[in-house]
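There are two complexes below, and they share subunit A, which is joined by subunit B in the first and by subunit C in the second.
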Partner chain A sequence: MSTEKFDAIVVGAGPAGTSAALTMAKGGLSVALIERGESPGAKNVFGGVVYKWPLEEMIPKFWEKAPIERKIIDHRMVILGKDSGFSVSYKDDYLGMETRGGFTALRSRFDPWFAQQAEEAGATLVTSMPVSEVIEEGGRVVGIRAGRGKENELYAQAIVAADGVMSTVLQKAGIRGPPAAEDVAIGLKEVIELPSDTIESRFNLKRGYGARLDYLGSVARGKSGGGFVYTNSNTLSVGIAVLLSHLLELRCKPYEILDEFKSHPVVAPLLEGGRVKEYQAHLIPEGGLQSIPPLASRGVLAVGDAAMLCLYPEGTNMAMASGVMAGKTILESKKTGDFSIQRLMLYERLMKESYIFKEHSRKKNYHNVLTSGDRFNTDYPDAITEIMRNILVVDGVDRGTKHAAARKVIRDKVGYVRVLRDLYRDIWSALPW
Partner chain B sequence: MVSEAGVGPNILLAVKQVPDVSELRLDPVTHSLLREGVPSVLNPYDRYALEAGLRLKEIHGGRLTVVSMGPPQARKALQESLALGADEAVLLTDRAFAAADTWATAYTLSVFAKTIPFNMVLTGLKAIDGETSQVGAELAEFLDIPHASYVRKIDLRGDMQGVTIERQLENGYDVWELPLPCLLMVAKEFGQPRLATLQGYIRAKRQKIRILTAHDLEALGANSAYFGLKGSPTFIPKVSPPPAKPPGTIWSGDPKESVRKLVDALSREGFV
Partner chain C sequence: MVNPPSRKIDERLYVNRYNVHSENHLHVDQSKCQECRDKPCTFSCPVDDYVWDPELKRLTVFYEGCVECGACVVVCPYHKIALDYPPAGRGVNFRFG
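The block that comes next holds the complex of A and B.
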């Protein structure tokens, strides 16, 4: 049996891999999209929000046909104290039009639909096939192996590694090792079932529209972590993420953090009466700019989580955008017939000029914020609780005195210099907006 | 595609797509199977029949056609058959076929089978969802050919005039000779089924699955009154789990006393 060669092999049919495959298939390339799960979406986990950009570039008016749970019109950011919550929210129907504010989705529905678009464009999707090895020739990766024998080998002009945070392809190709414990968070998520009208009344929503609640502060016992509650049609996606190195310091089970989050007085009423339908866990890249591996190396283009392209709270957009750029790069190579390692470096150039790198550069201190100090997880939330309680309890003490007390709290808990420095720099890395 | 008919045996294999039992759940209230969102897979018993077909093809050449009746998602089971090396896949799919019992299923499959030349029909022993083990035998009756079940070994004569098989029994095995064409229901003792390869899946993706609807089968002479629910003589008034076993009784203490109690109990129940 002759072994045919594809223009490109994409390993992993998540948002990044499928974007690459779709982009290339639409350009007329022969593409094999290889997924280890029984179906796309079977093995991966995400919080639950997908964005209009760059999905629209690939599938115009996708919102008319994609399996969308709810269009997000209400964005709430909540800073949790030990028993309290300080929220800022923005609600706007404008964000719901054409899913401008993003939409919630479930992997088991969205990923198969998305991969089907790539298939219809001409990509060859193969499922239940874990890629276990790369095939190297002349200093570059020329193919992959998914088992023993020639029949399990596949060759291509270029390889796209879209196989997630633990990327077998990148590790086997020696492009990067397993991520360090301080560069990943462990994410835990439950899908909790509630009737859709309960969700709508509880979150003050119209049918078809949704809210995303992102929680900061005291989520993970004073360590770096965040929580979320996203509304789906008749479920809630509820989860936490804790930096793995911090979880190791806490010496507790990750689900204990999730249980604490779920029973927090600010969160618990939202979930009341819900039934846990699914439980998922996954590693999330949190290393920021410095953890991004060589993007185009030895014939392999790294995209999505494999390239550590997550930046709180976004991920699916960066996965898709990187997939599109990898796809465009290989399309360019096809045009000129030049698949040299040098030529594939175009991907890295495209990436460096893109939203992804601009965001990563802007939040270049993100990793520092996560790993150093606990003012964002303890000091600020404690100060906010103390100040707000003092101000909002009407007890005959005048506000002038209370404001003076508030200034003292800030001075004692964090210090003015610290606050100014954080406002100038680190806070913008810590906030989701 | 160049037809290989006439070179070796034409083998027809009937397969079923079943829900992946490892992902099946019961509704806690109604106790019915929750099928929504449960992926469908090739019936595991059919893998042995497919393996038998592939091995016969390796020895004798010929052509292996796989047919399934089921909803559109049965494509996946057929695609897997193609990935493993089947030559052609046919899906009989139509709302009119829905809720067919084994009789109506066997009838529908037989209509298609009569339209192609075959020397042998293979099926699995049973499906893991219904566990009736009836469709194979019924299909043989509709086709008016002999059949054997629990087949663990198949020796096809090179002149295509007969086949010697071994049937797995509880304490041994039978050796039978059957004329061709015949239908064989293959047991798991036949041997470990192979795994599909990456190249196999890619080839399978490029092969078209032939789709036949109720209308198509009618055009081939089928009586549509025998399709699906309305063609099914089986009527299921109720599905209930097996009754829980009553707890046993244990007598301990003095053996003589215990034996006396046991004899009393047995005579009270009318056993002695």
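The block that comes next holds the complex of A and C.
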């Protein structure tokens, strides 16, 4: 396939790239969807939850055919102390209808299915093809070179960089470098096999429905990090993420933090008897608004992780939404025959008006909270543990005295002013809901 | 045939599926390794690909277990590590992902 020319080349067949390819193929464009793995998903890692929006806009009633693991009806947030856990849970069958509460998935099953939808719409999927270079002409990227030895070249009117957090395309095009250590977390995940009956009884679930448990607080030795346990059909996705710059301060191996999480007394019973089937790692964009690179630059539209669009706990939906907008932008260009860099800036305008930027703007303090919010990983979890232990042990001391002691704990550990300030501002960046 | 050195991480990695390429895709320029104080690649890598040999004063790179996450590229204080993805479907192939 040497020197072929397409309307658009999409690099990376993950949620972002496939969304872009599907959107454009449906609009009648010639699209090449290039994937470096032997099949879509083979190189991908994520926590495990996909959301209804914007997938439904691309594939109506997808829940009837997509490889869904479990429909999530139980959302649990757990603040871990050193040996304790304070949980808030919301469980509702309504969330399970039409996957309103999201669904768990496995990349190696979901991504090939999703890419197949793009193929059926007319996109050309090419797998096992890592992009090695971009081809530049007159100040813009006009194509890519893939593979080694064969020197295959592909040309297009526009390029979509959907090749993840370490984006080769953006780096080779000089649009951004590798991410900074304070802008990414390292995520580690194990897929742990358990019989589906065991999962259902252990997590109190009906057949086919699932729970997502997100753990905050003392996960990463007092540094910024979180953990999760998501239920799949007959596996659990169990993992941690820790800010890479904080890992450098801890000077420990990331899997030591995973092992500590797995053996935490609140977590361990959920995993008991399970067999590890896979061990994965990936970098997760955590830089928030300030880390987003130029979205439309030099003929390249950056989407998904390549554009650093993750925002805890969401990622796949932002990836998909950005892919759709990039696709729509290129469709517009095709209509008018104007693929100028100026015209492609439409993508940036669409993005700035979208859910993605509204959420990133709302959580604009997210990155600050992550890098300097030790109180969320140490002070608050410690205070909660001390207060709850004191209050829940009935030992003849009256509750009035215990409540006074609780107020003292809050005053000494964090201070009233800071609590108020956090309630007003920072807590909304730290929480998943 | 000499057995490769057994490392603790191998117990973790044996469940993964790899299609190992004959060539190392992790390119390390070791000119700064000796003066590098923390050697963050040796502890940040989730699969222990980087092992410092204090006698030879060299890094040994066990690229075979690489999960292609890119952490080493990000943490190297001298920006001397380049991750060049393995060709055509080689490297790690996640069965679950």
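Here is the rule we use: the second predicted complex is superposed on the first by the 424 of 433 C-alpha atoms of A that agree within 3 Å, B and C clash if a C-alpha of one lies under 4 Å from a C-alpha of the other, contacts with A are read in each partner's own complex, and residues count from 1 in each chain.
We adopt the following convention: a residue touches a chain if its C-beta (ideal position, glycine included) is under 8 Å from a C-beta of that chain, and two chains touch if they have at least 3 such contacts.
Fair warning: this is a prediction, and the values are worked out from it, not measured in the lab.
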Comparing the two partners subunit B and subunit C, which touches a greater set of residues in subunit A: C
Contact residues common to both interfaces of subunit A (with subunit B and with subunit C): 38, 108, 129, 147
Residues on subunit B engaged by subunit A in the complex (per definition of touch): 20, 37, 39, 195, 197-202, 205-206
Subunit C partner contacts - residues on subunit A that touch it in the complex: 36-38, 41-46, 106-108, 111, 127-130, 132, 147-148, 165-166, 168, 178-181, 184, 186, 188, 191, 235, 244, 247-248, 251-255, 276-283
Partner subunit B, residues of subunit A touching it in the complex: 1, 3, 32, 34, 38-39, 108, 124-126, 129, 146-147, 149-154
Subunit A partner contacts - residues on subunit C that touch it in the complex: 9, 12-13, 15-16, 19, 38, 40, 43-44, 46-48, 67-71, 73-75, 83-89, 91-97
